[in-house]
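Just below sit the structures, each encoded as structure tokens.
Note that chain A is present in both complexes that follow, paired respectively with chain B and with chain C.
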Partner chain A sequence: MKKQNTQKKYVPELSQKEIDELSNSIKTSSQKIVAETIKRMKESDKNRPKTMKYFDEMADLFGKREKEIIEAKKSGKKIIGYLCLFAPIELILAADAIPVRINSGWYDATKIGDRVVPVEVCPVIRSTIGAKMVSLSPFLENSDAIISVLTCDAMTKLGEILTDYTPIWQMTIPRIKDSDQALRLWIEEIKSIKKEIEKLTGNKITRKKLRRAIELTQKATKAFRRLQQLRKGNPVIMGRDAMLAIQTYIWDDVERWTKNTNKLCDELEKRVKNKDWSVPPDTPRVLITGTPMFWPDNWKVPSLVEEANPKGVILADEICSSERILNDPVGVDEWSMNDMLNAIGERYLMASTCACFSSTDGNEDRINWLITKIKDHKIDGVIYYVVRGCMLYAMEYTRVKKVLDQLNIPVYYLDTEYTREDVGQMKTRVEAFLEMLTARIDF
Partner chain B sequence: MSETKNKDSTEFWRWQEYQRVIKEKTWKDKDIITAGVDVGSVGSKATILINGEIYSWGIMRTGSNSPESAIKVLDFAMKGTDLCLDDLKYVVGTGYGRVNVPMANKAITEIACHAKGANYIWGSKVRTVLDVGGQDIKAIHCDETGRVTSFLMNDKCAAGTGRGMEIFADLLQIPIEKIGEVSLNVDKEPPPVSCTCVAFAKTEAVGLLRKGWSKEMVLAAYTRAMAIRMSNLVNRVGLEKEFVITGGQSKNAGIVKRIENVLNVETLPSPNWETGGLDPMIAGAIGAALFAKALYLKNQKN
Partner chain C sequence: MSMETLGNLLQIAVFGGLILAGALVILIWVKDKTKNISTLRLFVQIAFVPLIFLGLLIGPFGLPQNPNLGDAPRERLLGADLLGNQFPDGLSVPILACWYPNGRTVTCSVWQLQAYLFPFWDAGPGFGWGTFYSSNGLERIGITLGLMIAMSLLIGRAFCGWICPFGLYNDLMIRIRKIFKKPHLSFSEKTNKAIGQLRYLIIAAFLILSVILGSQAIVGTQLVGDTAPGEYYYSYFTAPFCQVCPMKPLCILVEVGAGAMNPLEEINHSTGVFYEAGYYVTSLNIIVLGLVTAGALAFRRFWCRICPLGGLTALFSTFYPFKKLALLRLNKIEEKCTKCGICKRVCPTQVTEVYEEKGGDVTVSGCMLCFRCVEMCPYEDCLEVKMARKTVLKSRNWLEPSESE
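Let's look at the complex of A and B:
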């Protein structure tokens, strides 16, 4: 009888021995990669901001933050994982729980996920399944519940597969966002998630608490925007440093992250004053768009761009593992419960530029974002990054290229997998693209 | 001309290594002598330019060690010229092994170099270059100065590349240099093999041979599939005339004819290297040597 209850719907049973072996070997190789990546980040910018030290520490997924989360859990706090940026983290914070995003960036975990789903599936998904199968991610392991938003097809099934392990709260996102009924449905979803969070944590989300949580993330967005403002002029920070700092937000303590990001900005402002640039101001300026890139292993593309010969520097991006995390604040008029929930609903639905939506204008929100960033950050060229299996971003490329061609902004489609094997070939592609941008500036 | 090939070789994949010096040219100490070394995945090429004009070149197989291949092929190109390494004012490395060219002053990707080299070989009217190398295929669009304006590269799969052709030469026991001609020796063009992956295409080819297909027919079916794949890449980058093909496969008439057929366009004819013309296989090395000259002059100014 009991056996029937625990029978898994998707994943095969692994012995504890196998789980430990696989998880240890991936963890060991990944920590090597993290150390190597950070070392190279330091080497490529001799003058790397000192305040990056904090984010380097946060980047160790098996370090300080893991301990804090385990401690918090022991003291009775709940950890709520989420798979897409659409999860309203203000509600989690208001219930005194800890939000952590749990998409996997481990290359080797995809091979384990391959036992459950075919290789044609997006590697972000396969890797997350694999990470869960061998209990690899401290954040995923400690999640008491996971919010799964039904965005792309692969995400839709990922949540279902993870029900084999953890309580999953599914949220339906309308695939058309600019209609009244879409927003109404979404706000209903937000309200029902609020109930789930309250039930799990035993904490009521009061008006006061929610307001405090919203103000907390608003401050984080403010710090983020300050950082982005600094990336509009001559480069004072390498793109992959900025991207790492931004990404740690998805597992760090929000208040502490904000404080440290402001410290980073203080240091960068001094550098602007002293004209202390990270790279020569005529270095080609790159924007990255497309599929998300997750720490720790999948830092391949930012590294290739900023270690290339000729070198490029990333000044902006439009990916949901970086700038999109923090670009838009929740905008509240009246601090009533109803207004706050509506504002949260609007912020998560309307401000998103995700390719999972369909619109008759051809995702104009994303196009406008790209055009604005290209102008503001004086971008020379765009890298359109897609992992194989990421259907929606692959399809929208045609649209984005058409628009960028009209603006005379070169765009390069860089497709890859969760693997290190293709780095040599990708290096040629990235370098040829940067040579092309350099030639436009220089020869 | 020096050659290295055993006439009765049973290594059907083995193509000819050779070296050439333009005899009527001479050099003086004050000349700007530059070199381009293109270490590809299958072939290594080196070119020497005197004041931006071609003087000598060498082509040989890339060994397992990139730095060694680079040294060997550059020595090969300088054979019988009285030149030595010290006479070279500037060297640019390119190709897959570009970072492992020990004597290079700078590395530049083969994409920029092939566009530049094609511009040198065929002139400023070239707009689209298809480089079919040993392990990858690149479709490049360039302007009248040979500067890259956009490009596409195949993924890590070797289908349609020189390496794939070598495997077929071995399978069908036809010398690699004859493979193009043989593939054209069919009354009617057969449908292309359905799978472009080299490993699967080989299995499919064995099946066709068993069904009683002639070698020519099988080769035609494979070559056609590869030509379609390459044409798709060209179409995606945007085909604009004039169109040329560089790299080892530019010598494969079966590929060239079929690409022209699929794209409904004529390529600019390749110079015939056997009768003293330039070799489209060294386009990348020529481009690298031209960049070397430009960079040398730029450094002199600063």
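Let's look at the complex of A and C:
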């Protein structure tokens, strides 16, 4: 690791007082919003699964999990943050460190981030910078190192800006994934990250440990797929609940998360037996695709869809803060170190449907994913969600729309910002779309 | 004859029943779905070894060309009387089950093709002790090829993946390498394709060589003595590929194991000539076996990428027009695939088409239908095995067994 320069290259110096003030005000308002969102989730859905209680608890970012992480850190465990899903969390788990994803969802933090980068930049990045500047996120704050994968342009520079605070390990991801040399490069990157992790934690990643870690995440994927299987039939769980449950994986303890997700599935399976649906089965079934949505603040779209009138229900999504986290397992052929690393490399690079990849067949993988999900979950309409500044997803819209038109699936382009001001206007747009879907179903 | 045949059939039936029962037990007991098909395959491979060498176990044992020890049980062989032809060399099957060990039930087709090719006009004395052909070589080649095509169309290269004893040997080498926790090497895509094409060159070259050497033996200008028909080295020179084939030494092991051969006598019999290291094993056989073993320890299924017999089977099952008729196919559904690359990595012969092709029929000549990719594919229904257009096996979500923890 290079010696950190004490002089900050990007970020303006803030006084401690200012940091505390800003952080406290955002924290207070955010906690209020989280409480309110969860309250609304409970109230608007009388039939909410009881096992969601665990995920509600986990959703409080300044609650139980923060304490656990601080305690783990005191006991000598290392916390390794990551910005994109491409970070190999199996390696982090195998080195007895705790992986947490640190992308920020706080709306107010974007305004602080605006002091460093212009407003045209993707709000996820601005918010993450802002959160770091005022020491807001407990996970970002406690990270001993951050894995930054150079996916989209904004993410590439975000890693650089964060070097002002924390050691950053950058990983180059090839933009073309479908070639031999790309995979070779990526596996080399995985190997070098493995060395970095070993150096930081002081724990050697042995074959046995890595195998255990892989099996741990495989079990999590299994639980996730079980949940997804339940969302294929009539809706037994509201989409935002499922999305929240899935999203807690990125900061929760993997084993505990798996256990609780299985509990949730047990409860839902009982409901399927009793034909106890959370919404009437003829509710329009919606799929969300596009830019990631991060808890706590940026949860307006799921809430809007499922609290609108007429109501929609989210049955599937293709966003990297929800289903894509766990969709693909690491498939190991022989349990040798070499093959495990290859398997991890391939799982992160090749299975991904991120828009940052380019291919001559037009990101066919993402299209195939969408078509499969639409067929499996019997989707009636797709909401293409893009935050302003996310160019890659915005540019792929026409491609996706053409394919969905052929399938006769209506798609709605919903662009927004990290702000609460447009909620009313978005509500009108979403309701119009859902009304159209309802009309199509009735017809 | 009828009583004995009945007895043999009964033995085969009992054996088949045991295999089915074993397969059932494996399917029920192997919980790990990523090992389910592999374990079943290993079991089938092992179960087929005694079945293939059944001829060694039934009837009086005899050594070839040694009348004092009694005749070979020709009349007990499965193909003894086929289509009205005396066909004493056993059924032609596209697996490396060597003709040379006495008493084989089935025979490698490559040997038959070479041996019958020249002189094709002749009926008359056969190659083994006390055998006689009632039909001429062309007819016999017709039967051989017909059987081969029929079998290739039936299950194609699943013979290589599931039945061939030399495939089992290659798999055992993989298992030995796994014990030492060593990673395997891989050929580059280009090299692997080139090796796949080399198979056809090899088979063509050896068939031509068989004609040349056979004609020399018959016409009279002999390179080596004792190579005229009926003479000591005749069967060596009409089947040149078999003199380099790595399977032959292993067949001796089976033969010795079954008690049908006295190994000490073999060693005494050795004359020390370059092409004769043992009774019917040449030194080339042993050298090639050594090389292939070393290769199989480094690369997965090393021999199967270059095997000319596998090439022939592929020729009759994956190329036009046989492609349309072949029954056992591997199918891919494009939409379900996320291109995660697992199928490409786990393939023991490094077939890339399953990964690269958009969808539809992905059975290619390099694929030996071991279904490791189907087993490992984590997406439900993405890869499917079709038998006569009916799906018999599908990729399952191997993470799925929904046991609540």
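Methods note: the second predicted complex is superposed on the first by the 437 of 443 C-alpha atoms of A that agree within 3 Å, B and C clash if a C-alpha of one lies under 4 Å from a C-alpha of the other, contacts with A are read in each partner's own complex, and residues count from 1 in each chain.
Rule of thumb we're sticking to: contacts are C-beta pairs under 8 Å (C-beta built on N, C-alpha and C of every residue); 3 or more make two chains touch, one makes a residue touch a chain.
Remember, predicted model here, so these are calculated numbers, not experimental data.
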item: Room on chain A for both chain B and chain C (clash or fit); value: fit
item: Inter-chain angle, chain B to chain C through the CA centre of chain A, in degrees rounded to a multiple of 10; value: 120
item: Partner chain(s) touched by A:Ala439 [first = chain B, second = chain C, both, neither]; value: first
item: Contacts of A:Arg429 with chain B and chain C, given as first, second, both or neither; value: first
item: Touched partner set for A:Gly105, first chain B, second chain C, both or neither; value: neither
item: First (chain B), second (chain C), both or neither touched by A:Lys375; value: second
item: Chain B versus chain C, judged by how many residues of chain A each one touches; value: C
item: First, second, both or neither for A:Glu421, with chain B first and chain C second; value: first
item: Which of chain B and chain C A:Asn309 touches, first, second, both or neither; value: first
item: Minimal inter-chain CA distance - chain C and chain B, angstrom; value: 26
item: Residues of chain B that touch chain A when the two form their complex; value: 96, 99, 107-112, 136, 147-153, 155-156, 294
item: Residues of chain C touching chain A in the complex; value: 34, 178, 181-184, 189, 334-342, 345-346, 372, 376, 378, 397, 399-400, 402, 404-405
item: Chain A residues touching chain C - in the complex, by the definition given at the top; value: 178, 180, 183, 207, 218-219, 221-222, 225-226, 229, 258-259, 262, 265-266, 327-329, 331, 333-334, 336-339, 342-343, 346-347, 350-351, 353, 365, 368-369, 371-372, 375
item: Of all residues in chain A, those that touch chain B in their complex; value: 309, 410, 413, 415, 421-422, 424-425, 428-429, 431-433, 435-436, 439, 443
